[in-house]
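Each chain gets a letter, A, B, C and D, in the order it is written, and its residues are counted from 1.
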Amino acid sequence: MKLHEYQAKELFAEAGLATPDAALAESVEDALSTAESVGYPVAIKAQVQVGGRGKAGGIEIAENDREAREAADAILGMDLKGYRVDRVLVEAAVDFTNELYVGVTMDRGEGRPVAMVSSKGGVDIESVAAESPGAIAREHVDPAFGIHPYQARRAVYGAGVDRDVAGDVAGVLTTLYDLWEERDAADAEINPLMVTDDEGVVAADAVLNIDDDALFRHPDLAGMEEASYGDDLERTAGEYGFDYVRLEGNVGIIGNGAGLVMTTLDLVDHYGGEPANFLDIGGGAKAERVANALDVVFSDSNVDAVVFNIFGGITRGDEVARGINDALGAFEELPNPVVVRLAGTNAVEGMEILDTEKIDVEETLEGAVQRAVELAGSSGGGADSGGETANGGESR
Amino acid sequence: MKLHEYQAKELFAEAGLATPDAALAESVEDALSTAESVGYPVAIKAQVQVGGRGKAGGIEIAENDREAREAADAILGMDLKGYRVDRVLVEAAVDFTNELYVGVTMDRGEGRPVAMVSSKGGVDIESVAAESPGAIAREHVDPAFGIHPYQARRAVYGAGVDRDVAGDVAGVLTTLYDLWEERDAADAEINPLMVTDDEGVVAADAVLNIDDDALFRHPDLAGMEEASYGDDLERTAGEYGFDYVRLEGNVGIIGNGAGLVMTTLDLVDHYGGEPANFLDIGGGAKAERVANALDVVFSDSNVDAVVFNIFGGITRGDEVARGINDALGAFEELPNPVVVRLAGTNAVEGMEILDTEKIDVEETLEGAVQRAVELAGSSGGGADSGGETANGGESR
Amino acid sequence: MSVLVDEDTRVVVQGITGGEGEFHAGEMIEYGTDVVAGAVPGRGGEAVHGVPVYDTVSEAAREEDADASVVLVPPAFAADALFEALDSPLELVVAITEGIPTQDMSRVHKRLSEVDTRLVGPNCPGLITPGEAKLGILPGNIFSAGNVGLVSRSGTLTYQVVDNLTDRGLGQSTAIGIGGDPIIGTDFVDALGLFEADPATDAVVMCGEIGGEDEEEAAAFIGSEMTTPVVGFIAGRTAPPGKRMGHAGAIVSGSGTGTAESKIAALDDAGVSVGDTPEEVAAAVEELL
Amino acid sequence: MSVLVDEDTRVVVQGITGGEGEFHAGEMIEYGTDVVAGAVPGRGGEAVHGVPVYDTVSEAAREEDADASVVLVPPAFAADALFEALDSPLELVVAITEGIPTQDMSRVHKRLSEVDTRLVGPNCPGLITPGEAKLGILPGNIFSAGNVGLVSRSGTLTYQVVDNLTDRGLGQSTAIGIGGDPIIGTDFVDALGLFEADPATDAVVMCGEIGGEDEEEAAAFIGSEMTTPVVGFIAGRTAPPGKRMGHAGAIVSGSGTGTAESKIAALDDAGVSVGDTPEEVAAAVEELL
C-alpha cells in the first residue's frame, strides 16, 4: 500500500523528521489561502501515487498569489499518468544548498533490509543506481538488531555527505530505518533530503509504502488507504479482491495462481493472440467469485473472448464446475464467448457437469488457449469492440 | 540499583501488569487510612531492599483496623536485617489459588538473558533452584531478537502452569522481559505471581534491579534512587564514590583495583590479621580522594591500623605520594597507624618523598601487610576500640 | 530415492486444530505421510485424526521423535511458529502460510542462518515424494513416482507441469514448491543442489517466473555445478514492465535483470532447454530420458 | 614468540581525540606499538600524535591496513564502537572502557558469535607483548620480555604479579587482562588455549577472583587440554558471602561454586599450583622453569 506524500510526511514529522510547513488543498481557493498562511514561495504538488510527478507537470513553484492560482488551477483535475489529481499539497518551498537521497528498503536477494544514502539526491535515484552505483552508499542491516549508529555514519561518510551535516543526516537515516521497521514499510525514502542554508536538513519529499501483508497490525495505516486505481476496472477488481492487471489485447484471461495465469497469458501470445488482462481468481472458485471475475472481464470493452483456466489442486474440479455453472446462470446470454478448461483433482467429473450450452470446454491448456485466440480473432469485427481492439493491436 | 517494591510495582503497572491496589504510608495513621480506602484484608509490607522480609517479620496481614494498627506500629521503625523501616506499602491482600514465580535476569556464563517460570512461587526461589532445578523452566533469549512468544509459552508449559492461566502467564513473562530490556534491568522478578480465584494473575511482589552502568540513559530511574545503606560508614563511602564493604576485623585496608584490594584482604588474613574493610579508591589518588578514604577508614572505631597499598600503573607513584602527603597534612596526629606501600611506575621516587613522620613505609606488599597486622595487634588494647575489636574477633 | 522427505519422515503439523490445518493434515495422512503430532498452544492433550496434539513443537518433536513440520497457521502467528520450529529442533520445516509480512520473514531468514534446519516456503504448496510422503497442500493424485525432480516458485503452474509429465508417463522423484515470496528459505540453487546429489533423480524441471534474480543465479549454478540435465520454464514472458502480477516476486522492474528474456538467456547459456509451454517442457524431459 | 599481538600488529585507536584516548595512544606509541590510525566520527582528516584520524573504523582499517583496535570511548558509545570494530573487519579488538551496560555487552556477545574477530575486555587493562606492542593502558615499564604467559581478570593485581615475576627475572611472553565484567569477549579458557599453542610460552600464570565459574571452567580445560604448566592465584579468599567487592564478577553467592574454595579446589585437582600470595606465585613459576 502506497501512502500519499502528505500522509507519509505526517508520519515522518511524528517520528521527529523535519518537513516543510504544508497543508492539503482540494480547490484553487483552498490552495491560495494555504499558500498565504504557509508563506511564499510555495510548492504546489499533485497528490497522486506515481513517480516522476515533477517532470509530468504535477509540481509547480509559486512565488505569489497569481502564480499559485495558475499552478493550482493547472494541477487540480489534471490527468497524471492515468490518475486524476483531486488534491494538492501546498508547501513552503525550501531554500537549499544541496539535495541528498536517503532510503530504506528490503533487499530481497539478501533477505535483509538495506539503508541507503546518496549525495546525488533530487533526481531519479534508479538512474543514479544504474549509471553510477558507487554514488549510493549502502548498509545492509541485521533485522534482529536494527540499524547500528555506526552504520548510519558509515553510509553518510561513504556517500561523501558534507561533514557539517553528516551527523544530522545519519540521524535522519536512523530515524527513517526505525520508522520503516515500526511501520512495516516496504520502502521509505526521502528524495530529496534538502540541506538548508543554515545547515539543517528537511524532507522535501516523502515516500512510504507499507507491506500489504502487515497491514493487519497497523489499523491506523490501513485506515489511510485510499482507493486510487488508474482505471475503473482495476478499482472494481481490487474491490473484489482479485490480483488484476489490465492489458491491451482482446483475450480475457481468468485463472488460479499467479504463475499459471502468467503462463496462460504467455500461451495466448504464443498462439498469436493478445491478452486483455491478468486475473488471478485465487484459491477455490465459488460461484460468487467466478461471477465477479466474469463481471470484471466482460466489463472490459476490449475483450472479445475469455479463457477460464482452473487447475483444481486441493479444490475439486466438480466443485469448481458447479461454481461456474451457478455463475453462468445469472447471464441470459454471455457478452463474450468463454472457453473453460479444468484440470487436476476430479477434473473429468467437473468437465462433465459444465454447462456446455453457454461455454466451450477444452481438455488441455493449449487447446483452451488456442480456441480462445481463435474466437477473439473471429469476433474482432464485432460492433461493440472492434475499433478498440484494433487500437490495442496497434499500440503494441 | 535496587528499586523498592512500591517503585517496581509502579513500573510494572505502567507496563500493563496487574498489581494489587496499594499506597505507601510513613505513619501508622497513614497506614490505617490507606487500609480503609484499599479495603480489608490488607498486607502491610516494609519497604526495605532486603530479601526474606516475610520471615523477618516485615510483612503482616491485617483483617481490620486493630490488626492494621498493630502491624504498622510493629513494622514502622523496626530494624530489618540492619535497615530501619521508614515506610510501608499498604496493599489489598489477594485471594489466590496458586503462587507462581516469573523472572528475567542475565545469565552471565552464557552472556544471554534468561527468562524463567516456576509453578513453585511464593517461596525462596534460590532454594527451589538448588533443591529441584527442574521445577524452574528456563528460556535463554537472543538479545538481538528479544523473547519470542513461543519461548514464553514453552517456559510456561514447561513449568507445568495450569493451562487455564497459561496464556496469561506467558503474557506476563513477555511483558516482564520487555520491561527488563527497556529499563536496562539486571533482574526483574515477580514472586509470587498470584493466580486468583477468577483465573487472573496478579503481581503480589515485585523486584526490579537496574544495571548501575545503564542509569545514564534512564534519568527517571536514577531519580528514584534512595540512599539506603545498612550503616553510616557505607553511606559515607557511597557518597564519596568508593567501592566499600565493612567487615569485622581491625586492619583497615585502602587500595586501588578490586582484585588487588581483595588480595590485600587475603594477605591480612594470611598473616594472622583480620580485615576491617574493603575500600577500592579507584583510579588515580588525588589528595582529596586519599583524604576521603582515610576519613572513612579512620571513622571505623574497630580499626586499629591501616594498610594503604597503591600500584601506580599509569598513574605515577610520585603523584600518588604527593596526594598522600597532602591528605595527611590535614591531620595533627593520625588516629591510627598507617602503613603505605607504593609500587609500579615511579614508585621509588614516590616512596622517597612520602612523609615518613606520620606513616610507616614498606617496599613490598607482603611487608606492608605484615607491618599493619603487627601494629593492629599491638594497639589491640587501646582505649578507643579495644572492646569492639574483641567483639569483632569473637564473632568470626 | 528422493530428496528431503520420504516414507520415514515424521511430521508435526503446526496449527492442526485450525480449519486449514485439520483439512490438510487429513489429506497428508490419507496420502500416506507419517503425521505423528500436531502442535497448537493451549490444545495439548487433544487429538486430531487420531494424532496427538501438543502445546509446543519442542514437546511434540521430543515425544513423537519428529523430524519435520508443516506450518499451517495464520500469517499473524506464522513467523513465531517458524521460530519455534527452528528451535525445536527439526531437520525440515515447510511453511505453507501465505501473506507473512516481509519483515517477519527477514527476521526468520536471519535466524535460519544460525541453525541447521532447512525451511521450504513460505507461501508455497509444499513438497512431495510421490508414493511416500506429502508435506503440504499439493494434490497428491496428480503425482506419480519416477526419476524427474521438479522445483517451482509457483503452485498451480507446478501442478500443470506435473500433469504434462505424468501424462507422458514421466514420474517424479520429489517435487518442491519453493514459494513465490520475496524471502524464502530454500531457493532454486538449494533445490537444484539436492537433486544433483540425488542418484534417483535423472532430470530436473525448474519452473521460474519473472522478478528477482533467482533464476539467473540458478542458471549460473547449473552451468558450473550440475551434471543432471535440467529443463526450464519461465512464466511471465508477456508481462509488461512495472506491473505486479500476483506474487510479490512477479514484478518486472524493466532494468535488465528479472525479465523473462534475461532469465531465459541465462538458462540457455547454461545449456538448459527452456520450453515455451508446459507441454514443451514435458516433451523435452521425455527426450532427455 | 607471543600471542595475539606483536611488533607487526597495526592498531587503530577508537576515541583517539578524547582525553583518555589521546593520552593512552601516546603511551602506546611511546612503548613502540604500531598505532596506524585513529577513528572518531566527525574528526576525519585530523591527526593526533602524527597519526591520521578517520571518521569510521572501516576507512581507517582499509586505508592503513590495520588489524587491531583499542576502544577508548565513553561507555555510552562503547557498544556501538565495538559493533563497528567487529564489522570493519579487524582480527583483534581490545575494549578498555569500564562501565558498559551489561545488556549492551550481551548484544555485542551475540554479534561476536557471528564474526571471526577476537574481543578482549571490556573493562580491562588490555594486553602487552613486552618489547613489541602494548594495546591498552598497562604500565609498560613493569613488564619484561620472557616466556611466562599471564592472564588475569584484574588490572592492578596483574601489575602486582608481574612486578613479582620481573623482580625474579621472569619475563613475560604476553600478558592479557581479560577484564572483570560479567560478559567479556575472551575468557580464561580462550587465553589459556592461546598460550598452550604458543611455543614461546613455557609457563602460564592465571589470576582469578571470586564470583562466576570461569576459573572452574579454566581448571577443567587445564586438566584435559594443557601441557604447559600453570600457576594460579585466586583473589577474594576472605571475602564474605553475598558482599559485592568492586568488580561485577566479584560477588560470592554462597551457593558452592564461585567461592575461592571452589576455584582453588578445582585448580588443585587440575594440577595447578595455587599461590597464597603474589610472591608465592612468582616463586612457583621460578621453580617450574
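For this structure, a couple of remarks:
The rule is simple: a contact is a pair of C-beta atoms (placed from the backbone, for glycine too) under 8 Å apart; a residue touches a chain by one contact, two chains touch by 3 or more.
From a predicted model like this one, the values you see are computed outputs, not experimental measurements.
Set against the Cα centre of chain B, the chain with the most distant centre is A. The geometric centre of chain A is 56 Å away from that of chain D, both derived from CA atoms. Centre to centre, using the average C-alpha position, chain A and chain C are separated by 28 Å. Each chain gets a centre from the mean of its Cα atoms; for chain A and chain B, those two points are 60 Å apart.
Within chain D, residues 107, 111 each touch two or more of the remaining chains. Listed for chain B are residues 142, 144-145, each touching two or more other chains.
Contact topology of the protein chains: irregular, matching none of line, ring, star or complete. Applying the touch definition to every pair of chains gives A-B, A-C, A-D, B-C, B-D. Interface residues of chain B facing chain C in the complex, by the touch rule stated above, are 145, 148-151, 153-154, 157-158, 163, 166-167.
Considering their complex, residues 24, 27, 75-76, 99-107, 109-111, 125, 137-139, 141-142, 152-160, 163, 180, 182-183, 207, 209-210, 212-213, 233, 235-240, 243-247, 249-250, 255, 276-279 of chain D touch chain B. Against chain D, in their complex, chain B makes its touches with residues 106, 108-109, 111-113, 126, 130, 142-144, 181, 184, 186, 211, 213-214, 216-217, 243, 245, 247, 255-263, 265-270, 275, 278, 280, 311-314, 343-345, 364-366.
Here chain A touches chain B in the complex through residues 142, 144-145, going by the rule given at the top.
In the complex of the two chains, the chain D residues touching chain A come out as 41-42, 44, 55-59, 80-81, 83-84, 87, 107, 111.
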